[in-house]
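Presented below are the structures under discussion, each in the form of C-alpha cells.
Two complexes come next, and they have one chain in common, chain A, joined by chain B in the first and chain C in the second.
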Partner chain A sequence: MTTTATNELFQTEKEELISGSEAIALACALADVDVITAYPIRPYDTVMQYVSKLKADGSFDCDFIVAESEHSQFEIVKHASSVGARTFTGSSGVGWFYAFEAITVTAGLRLPVVAMVGNRALDDPGAFGVEHNDALAVRDLGWMLYWVATAQEALDIALLAWRVAEDPTVFLPFAVSCDGSFLTHSQAIVNVPTSEQVNKFLPPYDRGKLQLHPDNPITIAPQVNEDWLMEMRRQSDEAMHRSVGVIKKAYEEFKEIFGRGDPSPFVEEYMTEDADIIIVGMGTLALPVRVAVRRFQEAGRKIGFVRVKFFRPFPTEELQEILTKCKAVCVVDRDYSYGAPSYGGVLFTELRSALYPMEKRPLMLNFIAGLGGREVHVNDVNDMVDIVQKAIETGIIEQEATWIGVRDN
Partner chain B sequence: MTTVQDLPQIKGVKNIPISEGYTSGHRTCQGCESALVMRLMIKAAGQRTIVVGSTGCMYVANTTYYSTPWVVPWMHTQLGSSGSAATGTAAGLASMMRKGKMHKEPINVIAFCGDGGGADMGLAAISAALQHDEYNLLILMYDNESYANTDIQASGSTPYGANTTFSPPGKETRIMNKRWKKNTAPMLAVGHPDVKFVATANGSYGLDFNNKIRRALTIGGPTFIHSIDPCPKGWDYDPKFSHELGMLIVETGLWVQYEIIEGELTLNGPSRAIARGIRKRKPVEEYLMRQGRFAHFTKEDIKIFQDRVDESWEKWWLPGVIPVTMGQD
Partner chain C sequence: MSTVAVEVVYRGIFQRTLARNIVRSIVFAARKEGKIGTAFGRYGDSPERNGIPAKQFAVVADDAEELEEVLARYEPTEVDVTINVDDTMCKGIESWAWYGLQPINQLTKPNGTLIVTSRQDADSLVEDIHQKDTPFDLSIIKSTVSFSGLWVYKDDHTDARILGTLCNVCPQLFSIDSMLQALDEQGNGETKLASAQKAYDVATIRTVEPGEGNSEVPYKFELLGWQTMEEGLVIRAQGKGGGFRGGDEGFQPDRNEVFKKYSTRSMRPVINFETCIKCTLCWLQCPDTCFDITPDGLYDANMESCCGCGVCEAVCPVPDCVTMVSEADFNDNSSQWEAWQEDKPSYQQWMTALVDKQKAETRTHGFHHVGGYTEEIAASEDA
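Showing the complex of A and B:
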C-alpha cells in the first residue's frame, strides 16, 4: 500500500535561481521523503534550513527531526529506513565524522539512506571551506559516492540517488557530495521538474522482506562473527557491482523523462578528443579547469578534462579507456592522504591503481590544490599543465605529487 | 500523534498473558535477570511491537545468527543509540501511516539499552528522544551495573567500590571506583517535564514490571523505565540468588521502586512500605556481603554505603529519589 504524493508546488516545470542546497531540498519534497533529520554545521545545513521552511509553509509533508548530534541524526534515519520510510540527512566535515559509527552500520545493514555531504575541511584548526576528505572517508564502507558540480546536477542526482539506493538489487546508502560554498551556497538557474515526472522516474521505496514490522517479525543484525560476516561482506560487494548496471539504466530513463544529462552517468568528458594531457578532478573544480582547457585549446594545445562524478562505484573501465589515449594525466586532488603512495591524494592513488593493468600507461602526476576552500584559479591549472608538459618532454617525473598554490612561509 | 494500543493494567499474576515474545535461543548466563526483564517486557507489550536493542549482553548473548529468541520484530542498534533508534522507528512508522504509505495501526516501539549504553554513552540521545512528544515510544534501560558484555567494566551506574575489571581492588588502592551510582531515572524525569511516565522497575516484582511496561506504552509520548538487574557474572554470586538479590536491593533501601505518572510520584511495593514507616530497611550489609564484587569491603566501606542510604531516606527532599535537601528558609 504505497503511494507517492503529488506536490502542489510542482505542478508545472519551472526555472529557478537557487543554490545547490536549495536544489536538494526541492528534490526531497519532489521525492516525498518521509523522515529527515537535521543538525547544524556549515555548509551543508543550508539544505535543512530550506527543508524546514518548506515544511513550515505546508509545502512538504515529512517528519523533520532536529537531532541532538550527528550521530543521532544518522541513527534516526537508519531506523526509519528499516521500517520502510524514505529518508534524507546530511552533514559536513567533523559533523560527518561525528556520525561515523552510524554511517558505517547504515551501509552494513544495506539501508538506502540518502545523505548530502557539504564538503568541508576537518577541523582543527577551524576551517569552513571545501576539502573532500570528509566524504572520501566512506569510500571503503559500501556507500555510493557522487560529486556534483552544479545546482542542477545536485537536484538531479539526489533523485537518482533514491532510485538507485532503493533498488532492491542494490540497497546501499548514497552520499551526494557538494563542495562547500562553491556549490552549497552558489546560486544558478535550475530547472525544477514536476511531481508527475518525478513519480514516473522514482517508484516508492519498498523494503520488501527486510521491512521491520510486526507482520514481518524478522531479527535484524544478530551477531554473525566469523561464521557469516565474510559472506555478508561479499554480498555488499556484489551489490556495489550490481549498482553499476542499475545506475546506467536509471540514468538513461532519467534523460528520457527529464530531457537532460551527460552521455555517461559516471564521468564527464570535456575536450578530451586527441588530448595529450587530460586533467582529472571532482566537483566544482570543473569550473576553473574548463576555462583553462578552453584557453589552451584556443591556443592550439591539446589539453582536455575529465570530471569523475561517481567515486563509488569507481568508473574503472571508462577511465581506463579515456586516459590510456593521452600522454599524461594531471590529477587534481582536493584532499590529502598523508603518507600515501608517492604522498599523493586519494583520487590520484585510486586512478593510478585503475590504470596499472593497462598495457599503455600514461605518465601520471598529482596536484594537491584548493584545500580548506582555497580557490583554484585558472593560473593554478596553467602551472600544473606546465609541470606535466615538462614531464612529457623530458620523460622524467621529478616529483609525483605537488602542492599547488601554497605559500612557502 | 498516533494512537496507542489497548493494553489494560493486569490485575493479579493469574491474568498475565501466557504468550511469549522472547523464548529459547538465547545464550545468557544462568540466572541472568536481564533476560527475565526482556521476557517480562515483551509479555506485557504483546506481538504488535517492534523492539530495538543496543549493543550489550542483551544483544550479543541473545541474538546469534540463526538462533534469535525474539518472536517479535527485533533490530540491533548502536551502543549509544537507543534514544535515536526509538525515535527513528517511531518517526518512520508515524510518517508512513500519516501519508497513507502504511496501514494505520498502533505499533508499540520499545528500545532497550544497558546502563553503559544508556546512563553513559546514550544519555544525550535518550534525552532528545524524551523531548519528542509526537512519538509514542518506550526506552527501557536494563541496569546490570557494569559494561557486562565486554567483561564487566565500571560504568557510571556501577556502585561505589564495586570490583570490576576496570576497578579491581589492589595492594595500594582498595576502592578504585570512587563514583557514586548515577541517579538516572530522576535525572530524566526532572529534566523532561513533559514526559508522562518515568519509572524504576525490578524483575523480582514481575507483575509490577508488566504493568509499568503497559503504562509506559499506553500513556502517550516518549517514556522511560530504569530496571535494576542482578547479574550473577558481574556481581559474583550463585545464579540461584538473582531473585533474592533483586528483592534485597529494594528491602535495604538502596534501590527505590516508583513510578512518576504525569508528574505525580508513587512509591511501589516494599519502597512504599519503607517510606510509610510500615517496614524497616534491612542493613545494606546484608545485600553487599552476598556479592563477590564487594568482598574486599571493610567495615568502613560498608558504613559509607549505609550512611549514604540513610541520608537519602532521611534528608532528601523526595526520599530515595531526588538528592536535594530543603534549605533553611
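Showing the complex of A and C:
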C-alpha cells in the first residue's frame, strides 16, 4: 500500500494559467502518483513535458519512465499497478493503438491504470487535430471513459479517476479524454486545490490481496480458456455496473471537498428545460454549442444541449430521462463509424440504442462534424438545428446522418 | 462587450518561448484588473518546425461568458493588436501548405496596431507589408530580432519591451502598472520591469493609410471538396523539368505553382558567381531543390522555393562564395544570376556590401544559432 505525500507545492489553493495537459500533470503531483510512463506523440506529449518539468524542478517525486514505444509504456504501468503503485500514462491517435495489446490486458486484469488520451485523428491521413475514434476504440474493453471540456475539469476528473478506478469494488482502468488542441494546447485559469483537500478525497491505492508481492505470493494472468473465461468477463461486466454507484458517491464527496462540480457526474445539461430540440455531444464541442444555444434561447427558440461526460459507463438512465422529453435529438459525433447503422457515428448509434426501449421516442438525427480538428462553428450548429427543425415540421427524416462542415464540391 | 484579442506571430521553435511569455503575461496583467483571459497557440501550425511562421493568441474579456462568445470561434477572425517578433515576416507568412500567403496584418482590425521588432524604419517596413482597405497603426520597437536556438530561450527583454509597448498602444487592455505588477509576480527582475516601463514611455506609432504598402496580391489555394479530391491520399509529383528558363542548356526542375515556402526564411543565400568552382555541392545538398543550373554551369538559387535553411552556405567549400544574409534587405525573389549577367560590377558591389553588412551585424537564424551565440558573445566581450 502506498502512502500519499503532502506536496509543498500545494499548501494553499491557487489560480494558475494552464492548459488541460498541465492541469493533468498537476493532478498527478497532487495524487502523488508513483509510476508514470511516457512516449511522445502529439498532443498527449504536452502532459509528459509538464510532468518531467515538475520532476526536474524537484516539485514532484515519481518514477518517470520514458519507454521505447507506447506498447512498453502501457505494459510498464500495468505491471506497476499490479504491485500496488498508483499509475498514470497516456497517448494519442495511433500511438494509443500501438499500445492496444497492453490496453486490453490492463482492463482484463482489473488494474486501475489512469490514462490521458489526447484525442487525435487516426493516421492516415496524418493530422494532429481531434477526433474521438482513438479513445472510443476501448469502449468495449472495460475501460471507463470520460470526455472533459475544460482545463479545470481535466484536473478534477483526473483526481476522480484514481478514486473510482482504485475502488476495490471497481478495479478498472480509466481513460480521461481531452480534445487535442482545444484542451491540450490552450491555457485557461484553473483553480489548483491543496494537497490536504486531495488527500481527504483520494485515499491511498490499496490493492489488498490482489497485490503482487513476495509476502503475498500469487500468479497473475494464467491461460484459462473456455473453462474460466466467461465468468471473468461477467465479473468485469459487474464491476462496470458497480462503478456507477462509486462514481456517484465519489462525485458528491468531490463537490463537498472542492466546492465545485455539476449536478450529475455523467452528463451536463444546458438549457434543456422544455427544449424542443436537444443537441448532444462530447468534449470541447460544448463551447460553440453553448454559445449557439444561448443565441437560440435569446431568440425565443427552445434549443438545449446535453454534454455526455461519461461514455463508459454510458449514462443510459440519465439520457433516457432527459431526451424523451424533447421532440428531436441532434447528435453531434466527432467520430465516424464507416458502415454503421444509418452510417451514423458512434455516439449516435449508442444513444439510439439507449432510447429504443422508451415509450416516447424523439426523432433522432446525426451530424458528423469537426473531424481532424476542424472547428465546429456556431453557424455549423445553426445548420444542424435547421435540418432537425425541418424534420420536426415535416415528420420526415430525409437523411439520418449528415456530414457538416465538409467541402461538398 | 469589450473583448480584446492579441496575436503574436513568431518563428517556430526559435521564438516559441518568447511568444508564450508574451501571451501569458497579457492574461496575467488582465487578471490584475479583474478580467479573464486565455492564451493559446494555433494548433494547425507546426511550432516545433524550425523557422516556420506560427501564431499564439491572447484573448481577454470582462467575464467568462463573454470569453466563451469569442472562443466559440477558436482562432480569432480579427485582432486588436498583431505582434510580429521577426520583421522579415512583414512580407507575409505561410505557416502550413494550404493557407496560401497571409499578409502579416491580415487579422489586424481597422485602426488596430501592428507591433514589430526591427532595425528597419517605418517606410521600409511599409514597403513589405500588404495593403489594407482600412488604416492601422505601425509601432516599431527598435531592436535586433530576438532568435534563440533549439529548445532554449534568450532572455534579452524583447518580451518586456513588447509588453510595455502594448500597454501604450492598446490602453483599453490594461495599464502599465498592472503589467508591471504581473511581470513582477511572475518572477521577472527589476531590470526587466524597467525595460517594460521604458518601452512604454518611448513607444510611437505611425498610421498606415488604406492603400499604402505592398500591392502584391498574395497567392492562395483553391481547396478541393470530397468529390473532386483524388482518392487514395496521393500528391502527384512535379514534372522532371528541363533546360534553364525553357532553353536547351542548363537545367531547372518543375516547381509547385502555388505552394511556395519562402516565408519560412529569415535569411537568404547570396552567391558570388565569380569564385564558384562549380563543385555541385549546393545543388546536391539543398533540401528544397532550389538550385537551377545555368547555361554556364553555375548554380542559381530560386528564391520562391528557398526556405532559408543555410545548408548551401554550410556545404560550399569556397570561403564567402555562399553567404546567408538578412531577408529584410530584399523586396523580391528575383534571380541573382540574371542580375549578375546583366551588370557584373554592380552585382559584385551589391553582393559584397550585403556580405560585409552581415559580418558586421552577425545576424543569425536558428539553424546555425549555436555558432551565432559564440559570435555574439565574442562581439559583446570585444565591446
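Everything that follows uses one rule, which is that the second predicted complex is superposed on the first by the 406 of 409 C-alpha atoms of A that agree within 3 Å, B and C clash if a C-alpha of one lies under 4 Å from a C-alpha of the other, contacts with A are read in each partner's own complex, and residues count from 1 in each chain.
By our rule, a contact is a pair of C-beta atoms (placed from the backbone, for glycine too) under 8 Å apart; a residue touches a chain by one contact, two chains touch by 3 or more.
Keep in mind it's a predicted model, so treat the numbers as computed, not measured.
When both complexes are overlaid on chain A, the residue A:222 reaches chain B alone and has no touch with chain C.
Shared-chain residue A:266: touches no atom of chain B or chain C. When the shared chain is aligned, chain B comes close enough to touch A:71, but chain C does not. In the superposed three-chain model, the partner touching more residues of chain A is B, compared with the other of chain B and chain C.
Remark: chain B residues 47-50, 52, 59-60, 63-66, 68, 70-78, 80-81, 83-89, 91-96, 98-103, 107, 124-125, 127-128, 132 touch chain A in the complex. Taken together, the chain A residues at the contact with chain C in this complex read 15, 17, 19, 43, 124-125, 128-129, 180-182, 185-189, 287-288, 290-292, 373, 375, 377-378, 406-409. Of all residues in chain C, only 24, 27-28, 31, 36-41, 43-44, 68-69, 71-75, 223-228, 233 touch chain A in the complex they form.
Residue ranges on chain A touching chain B, taken from their complex, read 1-3, 5, 32, 34-35, 61-63, 65, 67-69, 71-73, 75-85, 87, 101-102, 105, 204, 212-214, 216-224, 227-228.
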